[in-house]
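Presented sequentially are two complexes of subunit A, the first with subunit B as partner and the second with subunit C.
Let's look at the complex of A and B:
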């Protein structure tokens, strides 16, 4: 099941050049681009691992593509995303976020039903991947 | 691809027109006017510009070629204009579309090499990323390589540089600069660099006449002029200064003029009574030059260090 999170996730995978153009758009708007990765794709997992620092003073998006590729070398079997952070007062939050790398196999999520009092059912989802320990997922 | 989105390949290109409209003509003109002398350097830059224009035209006609290797080395003594020319090259490459932004990032060993294990790679990569889209200028590049210390972290920086120079040829252009003899030795022991650099440009020392003209353009930039005596004294100064230690071509001239302006200000302050006109405020006289220690046979060690700083 293809993970659909962030921008462009209904499009085919972005090429390096697509990534560069998007990252350049962020830089031209004054946003800091950063790269993050994870092997826990739950939609509520907002804290992915940071790959280096946000790039506050790179004028050209080739730097972002370079870091994406460096990250792929080490975490190529995981999810990698590119973020653009807007530091201006009042925003101070993420303005862009898109996935740039995904595992070869994406097993997706299962529904978990929990029976509560009075026949109440609580539903949640769990990704199949996280049933393996960290590091062994998507191996 | 359907007919609408298909790019139409032109049948012909007009090199002269693209020379003008790309702004290359203007950069070369500026280079000619702003920099005194340096004929061989200017010639090499003109040739490179021609090569790139033709390369670009070939692309436009669909004669696809690989991105040409643009990494360069600049060799020459201190103050011969290497940094100044690097700035113009960055501008030139930008106008031709070979670098996307055209900024110049100037670094030396300390900006690239770390102090402890694990420090160098992030430092070097940080610098490389900053330079992407522009030109990375590595001054005195041979300090990266310290064969006498086998655990030197410089080697790590070199390896990353070589990798990026090869893999990210579209993203940045690297210019290595330094004194000729040491650069030769550096290249001899680092064949990886030699083979990645297509253009070796040598910066000759300036002649006395050229330094004289440089002194006048530098003054003119700041709205000063020599009077007759000042000009004569400057000519004599140049001859004497060249023979003394730590001579740094155009930079020595710039420093001498900075000190001359200081003396001029003091002279005006001490000797003038009553109103001064623009001419008086902007004239460098013989006395302002002749008070230099150069005429007493040389700079002592303190001054020499000042000069280098």
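Let's look at the complex of A and C:
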């Protein structure tokens, strides 16, 4: 399967130049670009690992692309995403999020059903990858 | 102007039994400066022939506050000067013979805190049937911060909705399951599964899907949640389907909402026709239960569409933001339902901004401070398709749910293909906009390029390439972008 999270997961994989252009859009809007990675892509895993802090004072998207590539050197077999944080009052949250790196194989998720009374089912979604311990997934 | 429009100040004359002009009773105060804490209503009034516009405005002020048709001595037991609504300004409507804009200020002590029912009982109560008027329309309201702060506001709000869905930086995508009536629960869930798996964030019950012989509500909820979870696993995304809990009683709506919660749904839905108090109750329930609350504006066109009589949708939008819904349909501009671009922009600003400055060209007559109330997500639904993506993004912006019902389910190669076409078109257009391209003019090229690697999008563009809905709007602003009347 292909993980569809983020703004551009239905488009072909982004090139470094694509990443730069999108990061520059964030910077030009006054948003801080950040890089994060994970080997647990559950849709409700809010907290991917931070590759450093959001780049609050950076005006040049080339620096964001540089950080993506540095992150790839260590975590190239995992998911990496670029985020943009907007500190404006009334938003103070994420404005952009897109995946820039994927594992070679994406095993996807399984639905676990717990049958209850009255036809009710309690659903859990589990990534096949997390059956392995952290660090040993997607290797 | 009426020469006997002056308030009678001699108390003996003012309160002697009998009938008196509303203007003379004190409901017309041309020198009045509204207080920051006043609620202001702007009415479009069409007086009967021979009825003076100032007296008509005073009558509206009177009938929507303290007055009755005759003088009553019991006024003198109250601080009646404070409680009288005050018509303070009457302007002719540009290019509309016989119509006038009447500005009326109400002291905030006239209204119960946190109750849309109470507000509307005064402002759109008896007064709309008042004989001296041919027609009456509530065009806009200014709600003071002190009053706004007595309401909960949207249960979730745009920002938290996005955080819960893990979906940022693009419009959300939805589709209403069609046909709207007749599918069994099992077949209905099939549509939900295909659409969500194909790339939509949401599917939606239609306004009149409640619990009918062909599909009872529990059956629908159970099959829909199977579909939602399967699609979530297939894509790794959070998915939702608006489970319509509209029912005949509050008890039944609460029961359906609780069942939706127990199944893990992120969103429920109600219809506008359940009434203001029921909406506020469901908004409170939604806040207490971490639920996104979708409101379908079923019925609104019975009173919002005609320019001379009723209530403008911008006022309904303001009331719904106070009442506390998260999603509300607000027009598409380009689709099959009413909505010209300038008026629709006014609605969207009311939904999404923290502060609305006066913008006559968008039908917004007052500055409005929303006092950090959450933002509402507008929903664009009705006759839209992937080929309009550049227009939709330009007109409606990023914080909107674009709902393609026929434009998903009617795809020649199936529902999943239809959903994928919409999602690819959307992502390609957002990408191009961010990259600085002129999407308004290059939109069709951008879509064609994206279709090269996405066959479903190519098929969608070929199928619907010539579909437009180009009719004159019945409800357009009265003022051009540079108004000539001084305001």
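By definition in this document, the second predicted complex is superposed on the first by the 136 of 139 C-alpha atoms of A that agree within 3 Å, B and C clash if a C-alpha of one lies under 4 Å from a C-alpha of the other, contacts with A are read in each partner's own complex, and residues count from 1 in each chain.
Definition applied: contacts are C-beta pairs under 8 Å (C-beta built on N, C-alpha and C of every residue); 3 or more make two chains touch, one makes a residue touch a chain.
Please read all numbers here as calculations on a predicted model, not as lab measurements.
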Overlay on subunit A: subunit C relative to subunit B, clash or fit: fit
Which of subunit B and subunit C A:55 touches, first, second, both or neither: first
Residues of subunit A touched, compared between subunit B and subunit C (which is higher): C
First (subunit B), second (subunit C), both or neither touched by A:10: second
First (subunit B), second (subunit C), both or neither touched by A:66: first
Which superposed partner A:39 touches (first subunit B, second subunit C, both, neither): neither
Angle, in degrees and to the nearest 10, that opens at subunit A between the C-alpha centres of subunit B and subunit C: 100
Superposition-derived minimum Cα distance between subunit C and subunit B (Å): 10
Shared subunit A contacts, counted only where both subunit B and subunit C touch the same residue: none
Of subunit A, residues touching subunit B in the complex: 52, 55, 57-63, 66-67, 70
For the subunit B and subunit A complex, residues of the former touching the latter: 100-101, 103, 122, 125, 128-130, 132-134, 164, 168, 170-172
Residues of subunit A that touch subunit C when the two form their complex: 1, 3-5, 7-12, 18, 21-22, 25, 41-44, 46, 83-84, 89-98, 108-111, 119-123, 125
Complex interface listing, subunit C residues touching subunit A: 159, 162-163, 166, 168-170, 199, 222, 225-226, 229-230, 232-238, 262-264, 354, 372, 375, 420, 423-424, 427-428, 430-431, 434-436, 450, 453-454
